[in-house]
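Handing you a structure now.
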C-alpha cells in the first residue's frame, strides 16, 4: 500500500498541481491567441510578476505585524490579481496597441511580447535579485495528512496545494459562467469568432481586449503566486514554464478556454508521469511473484533533467497529427 | 476534342456552409470556357480548388487525365496549369520586371549551387528571361513601369501584370479570375484579342470567370452557369442568355414571390 | 430633412480611392437599392457609411447627426445595423447568443424584441440552442437579419443578401426585406440581382466607376431602356 | 548613390568607435571584442536570412549555436584513448544500431498507409513504435553512459583539424533545423517561434546533462585553435590572426550571400515573402524553399557558434544563454536592418560593442547609485547589487526590441528594394 500512497502523492497529486498551474496560464494564452491573434511570449513572466507583487505586499504586511487565518500572500491575492491585470493593460497600451493600430503582422506582436518578457525579467531581477524566496513569513505551512489503512505512509497535501485546487476550480467555474452567461463574456467569444462582424454589431474591440488582459493577467498572477507559495519564488521561471503552457494551449486547441484547461492537465500529467519512478509500483508486483524479475532502481520514462522534453514532444506530436488540438481550435 | 480539366462531383464546405455542392463540369482542350453565375454561387471556390489553393471536401479533379485533387498550386504549375487572381496578387516590393522574371521554373539561379558556382549559365538564362519579360511588357503596353515597384501600380496595371505572368511560360491551361475588372475598355479589347491569339495560335486553353458580359460573349464558348454551388446549365452564350432559368438566377428575372409582387405594385402605386 | 444624406462622398482603402463623389438620400421608411457592375463601389458605399474605410471628402448625415467617418461600433447607438455579405453570423455562438450579441449595445430589456424576431423567423426558435455555424445558408441569413433587428434599427444596411442563394430562396429573402421594411425600418441594400431588387425598391441608385450614374424610383429605373441596356444585362 | 554614402558614413562612424576602443582599452582586449563581434556577425547573417529574407521567426538561435559548438568540439578535441580502449565504443555502437533500427521502424510505421492501412491506425502504430524504440534506446543508453563516465570520463573528440569541426558545426545545426522546419514550416510562424524556443532549451539541457558526451557542467577545454595560439606567437599576434581568419570567413560568406540575394534565388525568396499564394501559383514550392532558407540560416549560426567557442577555448553548456545567444542577435538584426547583409554586420558590430561596454558602465553607474543612496538616504544596498545591475541590461535589450519595432521597423540600414532596369 505504501507504494500506492507514494504514487498518489508523487503522481496523481503532483500532476494535478502542476496541471492546475499550466491550465491557469494556458487560459490566458489561449484567450490572447483567440482575440489578439498572437502567441504571447510574456505570459511566463507575467506569472513571475504576479508572484513578485504578492511577495512585496505580503512582506510589507508581515513586517507591519499583520496576521490572519491564511498565509498573507494568499489573502492579498485579489489585490495582486487586480494589480497584475492593470499592469497587463498598461503593457498592452504601451507596447502592443500601437503596433496593432499600425496594422503590424501578428508575428511582429510576438516579437514585441518577447521584448516585453525581457523587460519584465530585467525589472524583476533588478528589484528581487536572482535568488529564490519563500512566500511564507513567520507562518507555518500547514500540511494535511490522510491516513490510508494498511499503509504507514500518508497522503499529504500542503496548504498551498489545497488552496491551488480550490482556486483553480473556482476560476474554471467562474470563467465558464463568465463566457457563457455574461454579456462581456459572450462578446469575447464573438470577437474571437469574427472580429469584423463583432465590430459591426457594436461590440467595442478595445473593451474586449481589455477584458482579455484582465482575465489573462489575473489568472497569470494567480498561477504565479500559487506556484511560488507551493515551491518558492524564482525569478527565472519564464521560458521553462512558457513552453508547457504553449504546449497546453495548442494541445487543447487555440482559442478554446476549455481546451486550455484540458491541455494544462494533459501536459501536467504527462510531465509528472514521465519523470515518475515506475519501479515503485513494480516492486510490490515483484514481491508477490517472489521476485520473479528484477526491478531496476530507477524506471522513469524521462530523466527529471529532461522534463521540458515532455511538453515539447507533445507539442510536436500534436502539430504533426492534429494541429487543431483536442478541442478543434483554429490553426493559425 | 477531349477534356483537359474534369471536375467530378466536387463539394467544398466551410463549416456548415456548402460553397460548392456536388459540382461536375469539364473544360475541353483548346477551348475558352467561361464560368458565370451570381456572386456567391461558388465560382471562386471552384476555381481555387482547380488551381490547388483549396482542397475539396469531397470529389475529384482531373487534369489532362490525371488525378490532381488536393495537389498544391506549385505542383499544378509544373503541369502547366497557371492562374491569375481576382484581387491582384502582385509581389509588391519587387519591380514589375522582377515580378515577371521570377515566373519561369527550373532556373539554374534558383538553386544555391547554381547561384554560387554557375554565374555564366545564370546570366545567360537571365538574359533570355529578361528579353521574354520585356516582350511581355511591350505586348501589354506597360513597358514604362518596368522598374516601378509593383505595389505602386494602379489596379488595372496590376491586373495586366497578373496576365503577363501567365505569359512568361508555356501554359496548357490558364485560369483567368475576373481579369477585366478595373481594366479600361481599349486595353480590354487588346487583352481579348491576345487571349484569342494565344488560344488559336499556341493552343492555350482558357477557363475564365468573368462578370463582363461583353468579354464573355466575345471570347467564351461554351459558357458554364453556376448557381448555389453547382452547375445550372452550360452552352453557347446565345443559348445561355435566352435560358429563362439563367435569366432568373443571374440577370434577375421577374419577381416570383407573391408578397414581392404585391409590394412591387404598392411601390409603383406610390405618388 | 431626409433620414440618410450622403453628399459628394470620396472614399477608399489606404491610398486607393474607390468612391469618387457619391450622392444618396433616403427618406424614413424607404427601401433604397444600390446596383451596378462589379467594382462600381456598391459594397464600398455601404462600408463607407459604416465607417470601415477612409473618407477623404464629402459627408454622411443620419437623422440630423453627422456620422462621417464614425467608428463602426458607435453606429449601433444611432440605430443603424448592418448585415455583411458573408461571415455574417458568429458561427461558434448559439442562435440565441447571436441575437443577444445583436443587442449588445442595449442596456434595457429587449426580451420583447427577441420574441418578435423569433416570431418573424420561426425556424430559429427551435434552433436557438444550436451553434449558428451548423445551420443551413437560409437559416443563417435569418440569424443575420434577426441579429441586426435586435437594436430595433431605424436603418438597416444589407450587403448582397441573396449572394450565394438559389433563385428559390432569393424571392424569400426579398419577401423578408419587405417584411422588415413594413416594421418601419428603412433599408439600404446592395444587390446583384438588379431587376428583382429594383422591383421592390422605392428608390434605386445605379453606380458606375465610383459615381452615381442613375438615380430614380425603382420602377423608373427598370423602365429606363438605357439602364436596362447597360446594367441589367439586356 | 545617397544610400551608399549613408552606409559609408555609418560604417566610418563604427570604425571611429572601434578605434576609440582600441586606443582606450588596449589592443589585446579590443581584439577579443572584435573577433567575438565578427562571430556574432556570422550568426546575425543567419538570422537576417531567416527573418529578413523569409520572415521566419527563430527564437532558438542559442540552441543552434550550442549544437554547432558541440559538434565542433566533438570533431576537433583530442582523442580520449581511455574511451577507445574501453568497452565504451562497442556499447555505444550497440546503442547506435538500436537507434538506427528504431528510426527505421518508426519510419516504416509512418509509411504503413501506403499498404492500405487506415490513417488512425497508422498514427497509432507510429506512436507505439516511437514509444517502444524510445524505451529500448534509453534503456541501453543509460548503462552505456554510466560506464563511459566511470571508465573514461567522457567520449572525447576525434582530433581532426578545426576546419572539419566548423564544417561539422554547420552540418549538425542544419540537420536539427531541417527536422524542426519540416514539422513547423507548413504552419504559421508563431508555431516555429514556439518550437525553436523549445528546441533550444532542450539542446542546452542535453549538453548540460549528457556528461558522457560533453562532460556537462565540468566543461571541456582547451579547444584547439585553427591558428597559432598565444603560447606560440604571443597574445596579440594570436588574436590578430584569429581575427584575420574570422574576417576572411565573414567576407566570403558576405559575398556568397550577396550573390544569391541578387541571383534568381533571392528574387524567388523575396517573391515568397511578398505573396505566398502567388509565388505558389507561379510554381515555387513555398514550404520547401522556406525549409531551405531556414536550414541555410541555421548552418551559419552553427558555424558562427563554433568559431566563437573555439576562440574562447572553453565549451561550457551553462555559458549558452538565451539573452546573449538569441535575443542579443535579434537586436543586432532588427536594429541593423533585416534582409540587408550590410545591416546585419553593422548591427552586430555596433550592438556587440555596446553590449560589452555596457557591463562596466552599468557597474560604475550602480556604484554611484550605491554611494549616493548611502550618503544621502542611508540606503543599505543589497549584497548582490552587481548581479542585479546586470539585469538592467536585459531590460534594455527588451526595451530596444519593442522600440525598434515601433519606431524603426526597417532598421538603421534598411533593405534596398532593387530598381535596376
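Each chain carries a letter (A, B, C and D) given by its place in the written order, and its residues are counted from 1.
Heads up, the rule we're going with is that contacts are C-beta pairs under 8 Å (C-beta built on N, C-alpha and C of every residue); 3 or more make two chains touch, one makes a residue touch a chain.
Chain-to-protein mapping (UniProt): A = Branched-chain amino acid ABC transporter permease.
Being a predicted model, the structure only gives us computed values, none of them experimental.
Set against the Cα centre of subunit D, the chain with the most distant centre is C. Measuring from the averaged C-alpha position of subunit C to that of subunit D gives a distance of 56 Å. Work out the mean CA point of subunit A and of subunit C, and you get 45 Å between them. As a whole-number value, the distance joining the C-alpha centres of subunit B and subunit C reads 30 Å.
Shared interface positions of subunit B, defined as residues touching 2 or more other chains, are absent. Counting partner chains per residue, subunit C has residues 91 touching two or more of them. In subunit D, no position touches at least two other chains.
With chains as nodes and touching pairs as edges, the resulting graph is a single ring in which every chain has exactly two contacts. Here, these are the chain pairs in contact: A-C, A-D, B-C, B-D. On subunit C, the positions that touch subunit B within their shared complex are 16, 31, 37-39, 85-86, 91, 133-137, 140, 160, 162-167, 171-172, 174-175, 178-179, 191-197, 199-202, 217-219, 232-234.
Those residues of subunit C that touch subunit A in the complex are listed here as 50, 72-77, 82, 84, 87-93, 97, 100-102, 104-105, 147, 151.
On the side of subunit D, the complex with subunit A involves touching residues 55, 57, 59, 123, 127, 135, 138, 183-184, 187-191, 193-195, 197-199, 201-202, 205-206, 208-209, 322-323, 327, 330, 334, 382, 384, 387-389, 391-402, 405-406, 409. Here subunit A touches subunit C in the complex through residues 183, 186-187, 189-190, 192-194, 196-205, going by the rule given at the top. Contacts from subunit D toward subunit B in the complex involve residues 256, 259-260, 263-268, 270-271, 273-275, 277-286, 292, 296, 417-421.
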